[in-house]
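The first chain written gets the first letter, and so on, giving A, B, C and D; residue counts start at 1 in each chain.
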Amino acid sequence: MAERTYIAALREALALEMRRDATVHVIGEDVAEGGPFGATKGLAEEFGRGRVLDTPISEGTVMGMATGMALAGLRPVVEIMFIDFLTLAMDQLVNQAAKACYMSGGQLACPLVVRTAAGAGRRYGAQHSQSLEAWLMHVPGLKLAVPATAADAAGLLMSAIRDDDPVVVVEHKILYYRKEMLDVLEPVPLGRAAVRRAGRDVTIVATARMVDEALAAAETLRSDGIDAEVIDPRTLVPLDLDTIVSSVRRTRSCVIAHEAPLRGGIGAELAALVQEHAIDSLDAPVARVGAPDVPVPAAPALEDAYIPGRAAIAAAVRGVVSPSRR
Amino acid sequence: MAERTYIAALREALALEMRRDATVHVIGEDVAEGGPFGATKGLAEEFGRGRVLDTPISEGTVMGMATGMALAGLRPVVEIMFIDFLTLAMDQLVNQAAKACYMSGGQLACPLVVRTAAGAGRRYGAQHSQSLEAWLMHVPGLKLAVPATAADAAGLLMSAIRDDDPVVVVEHKILYYRKEMLDVLEPVPLGRAAVRRAGRDVTIVATARMVDEALAAAETLRSDGIDAEVIDPRTLVPLDLDTIVSSVRRTRSCVIAHEAPLRGGIGAELAALVQEHAIDSLDAPVARVGAPDVPVPAAPALEDAYIPGRAAIAAAVRGVVSPSRR
Amino acid sequence: MTMDPGGARRLLERMTLIRAFEETVQSSIGEGGLGGLVHLSIGQEAVAAALADVVQGADRVYAGHRAHGHALALGAEPWRVMAELMGKADGLCRGKGGSMHLVDVAHGFFGATGVVGGNIPLALGTAFAIRPRGGVAVVVFGDGAAQSGYFHESLNIAALWRLPVVLVCENNGYAEFTPRSAHTVVERVARHAETYGVRASTVDGNDVLAVRDAAAASLEHARGGAGPALLECLTYRMRGHYEGDPAGYRAASEVADWREKDPVARFGRVATERGWLSAADVAAIDRDVRAMLAQAVDRARRSPDPQASELTEDVHG
Amino acid sequence: MTMDPGGARRLLERMTLIRAFEETVQSSIGEGGLGGLVHLSIGQEAVAAALADVVQGADRVYAGHRAHGHALALGAEPWRVMAELMGKADGLCRGKGGSMHLVDVAHGFFGATGVVGGNIPLALGTAFAIRPRGGVAVVVFGDGAAQSGYFHESLNIAALWRLPVVLVCENNGYAEFTPRSAHTVVERVARHAETYGVRASTVDGNDVLAVRDAAAASLEHARGGAGPALLECLTYRMRGHYEGDPAGYRAASEVADWREKDPVARFGRVATERGWLSAADVAAIDRDVRAMLAQAVDRARRSPDPQASELTEDVHG
């Protein structure tokens, strides 16, 4: 078995797809040099500058160009260096790419992939650390992947590239250098959750960086006599609701953990769905763990306090698991 | 009593505030001509082109300029003609305006107001009909008003202008020509819900155009023996959660209605909060009514099917109110 | 470019079709589902007619919110365009797009766009994609779009990558209710191309032959690998910005001046003067087109509403 | 502009302060909370030093991600800038901003911005607001920002409204790892101003006196009501794009050439040649500044972490 980082897995997945399919192109700022995290390193050397397209700092136009490439049959993979700059490209993504198929009555397809780095933890400050996946979940026509492991980063990206719809892959910059044993990269289907840990007493639904935190919390909780199940949805659109709901029906309690601020975060949708489909099974309200409703602070002391983690998740679990189950 | 439309109330509120405070400026496309809906009609004549600023079609820069005006002590009111074009201005709104106070450690204040028209129903198609307020609810630093009546349109706008933070007022284009008897325009505080109809059997939380639909549903439901309470939060940030939760504690059931697609809509956050704070009082899961997860279609037959309405709200209520209460 | 009787007939038919179509929309608005935000191109027909004359099979065309004429000129069936405007099941986009989102892939029309300037980047990407097949992407937008960031970012990238894209600006002097002078100090949109060494031309947009010549040269330039071209067509919309806009912001004399330059009547005169068509031909074209259109409107009216199940179809490709 | 010993001392002190500050950051990165995404301006000190010399009390300044120098030149206390970089409670922004978001309202520095190009619109709005008080807004950005829509939309509006804003481009030839030639065919950023009839100048950005003269003229132009001005300063960053970037994309010879043009050493030579300062003065300035800075760093280090309660404060104004 080979040890691979999340970023290396992404890079290899891109290379594999580009070898497999000549319509796959990579486009974004500094991608030919590999980008600041190295996700595209070596691609220009292997596939040439005709398929690895360095662009000026023009996010809106670049997103539109990639959309126009996709409408004409190519499979572009755009890199938006930081998800914070997706704010500059929402028009093209939301008004054009997401709606092209629908507005044309099915005449156009838009096999666009957007890769972007989200998340706090690197002391980059409020404009380079956001987690905006909740916006994307609210856009009909988009699919949305939030990989938490190297295998999923590669596998979901491969599926995204092969998908005929626009898919946004939100990568987490703290996970980029997370290592795991991983031999074969293979597509991971969109819409299938992963049960990261089986458990009987509570269902923790966690995404991206919060998956590891949830697993750590689950370990801690053993000493409380609580056996936690940890589910990683892997894609938010489509969402594997069945796996989540049937787990909650067994465990009778649910905690949802994400890194973004709570208000209007993806946890809201997940909590709303869980209570809708499993309220009779719930011993307590669905609890949510997320950041406070503030911009991401730069200071290490504050940023560390900002990012939700294992302690908050464990505390939330203790709040919802009925003492009778412990 | 004078009869006023929502748009006339907005226009008058702008004029009143501009008379009261010379730092208030209006800025946007075609605002000097009144804009397509007439919200700013007459302002250029009264206050001059120095305070009613027509801009080129450059939404991103205009939002940034307004932010720069606000940081330097003015009180700009930007018009983004359709909320769909806020996609072009999210960077400035989210990365600059919303964060300026926080990132500067409180040195800067940003008394910016954004007015924008949302909503379907005019056969304008997918790029002129969206309801994107859920995105804004997820942005720490922004306040968010969603007026459903002429009195609130004016009153919330006045409060927004006097507020020292960036506030987005999402207007509904179908409500623009809604008339109501209304004499005095006065500020409506941000963060106070309105109980539009008192009732004992179910709490319907509805925003913008859905308020009238909820009231109509409530009338229908009388014949089912159901007495519905209808609450209009009026602002989503800050949110008057107390009014909603205490109502639900009494009625033991809750339906949330908004026009936007359900997935990731504001109803998700509201449902998550209600179940969190009142699950023990709930006879049934919180139900949500919203549009399907599709772009807004242009065809009248499809658009009418797209927009949620009284029938869907009444049906949802029947689904959650326990027969014993009827 | 040369012109012959057949070519002249084709151009005049196209312009007449657009004119008659738009007049029909204008007079029937409010009836049978015809509503929404409708931007007519009466007065601007020459641009669409001329472009359609020089676009080839591998090419792809994008237009903006004022796009009925472009769809029609490229060959979209009038009854289906009308059905789309009415929101009918047989609409070009099965009723889902509407006036600002006409798409007709079969005729290379990748579509209209309701976001001003937003189509320019799309065209760049499409140009990149179709370059290997010898295709050129054409994108039509208004003078108002030339103040959008998209236009400038796109000019830069198109020049840098020498993309086979032709940027066609229909400069009608207004963006909604605001004259160009209130939006920029730059008189001619073509001026922006100079900065990037991009080929540019400004032509009388109401002279269909002039537009055709300039468009042909622009597409040839782009197709030949010499990079993008910008074509600015000076024209005027005879109606308000959208149907319902009384257009009180324009001087009556200005409107009257432009009425004199009506591109359809003008080309009718030119075609007879040059002997390509007789006066009777011109009259017959008008009559025949209008008769055809009356049938098209009828057919569109008879088309059913889309089924409710359509609402949730085509979200994904 | 004239220059005298006092002025020369001021300029050299400012440049030396920036250089020494940045070197300190470079060498202590990773220690005591100093981290994140840090962009140093070693090699570009002349621009900040010169601008600060001509900015007046009513003026407001915005800079980009490479902004330590601008904050310092305008008078921000070095220990508080350092504390901000370290994320300490006494940081300029109480630790909430960080390297890319320095703000010092008391010194007219409305701040650094991490979104490339995003500060230009802010400066336009601020220019509008402070015009009645005779103020000018100055905004500093890199050559990479000149390909963003913001730059073009802003040039257009600034020219149209004749705003008192000075757009200062620090053209260091690279945007991250990519040379300007891969981002545009337009060699000089100043070229874009011509289209709008905006006053523009391109100067040697490593010659502090040249920048100062050009900046003074630009601000005077803007303050006098003649509209915006664009000032392009040709310069070079001696470090990688951010700390951690090995900058392998640049030829060693290129870096060596620019090292010859070091703006700090160069002005030290000029100042002695012209008799404004003695060699001993120059040496003393360097020594004193570094001594002061050492104390500042110490003081910043001793500043406590912000309290946890700070996390949820200042969200609203």
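Things worth noting here:
The working rule: a residue touches a chain if its C-beta (ideal position, glycine included) is under 8 Å from a C-beta of that chain, and two chains touch if they have at least 3 such contacts.
As the structure is a computational prediction, the values presented were derived from the model and not from experiment.
Chains making contact with chain A as well as with chain D: B, C.
Among the remaining chains, D is positioned farthest from chain B, on the basis of C-alpha centroids.
Centre-to-centre separation of chain B and chain D, using mean CA positions: 41 Å.
Chain C and chain D, compared by their mean Cα positions, are separated by 47 Å.
Mean C-alpha positions place chain B and chain C at a centre distance of 36 Å. For chain A, residues that reach two or more other chains under the stated contact definition are 55-56, 58, 60-61, 84-85, 88, 91, 95, 102-103, 125-127, 140-141, 292-295, 297.
Annotation for chain D: residues touching 2 or more other chains are 91, 95-97, 101, 113-115, 147-150, 153, 156, 160, 182-184, 315. Under the stated contact rule, the graph of chain-to-chain touches is complete, every pair of chains being in contact.
The residues of chain C lying in touch with chain A in their complex are 60, 91-97, 101, 103-105, 110-111, 113-115, 118, 120-130, 137, 149-150, 153-154, 156-157, 160, 313-317. Touching chain D in their complex are the following residues of chain C: 147-153, 156, 159-160, 182-186, 191-192, 194-197. Per the touch definition, chain C reaches chain B in the complex via residues 33, 35-37, 84, 87-88, 91, 95-101, 113-117, 144-145, 147-149, 175-178, 182-184, 242, 245, 249, 305-306, 308, 310-312, 315.
The touching residues of chain A, counted against chain D in their complex, run 29-30, 32-33, 36, 54-58, 60-61, 84-85, 88, 122-128, 292-295, 297-303, 305-306. The residues of chain A lying in touch with chain C in their complex are 55-56, 58, 60-74, 76, 91-92, 95-96, 101-111, 140-141, 164-165.
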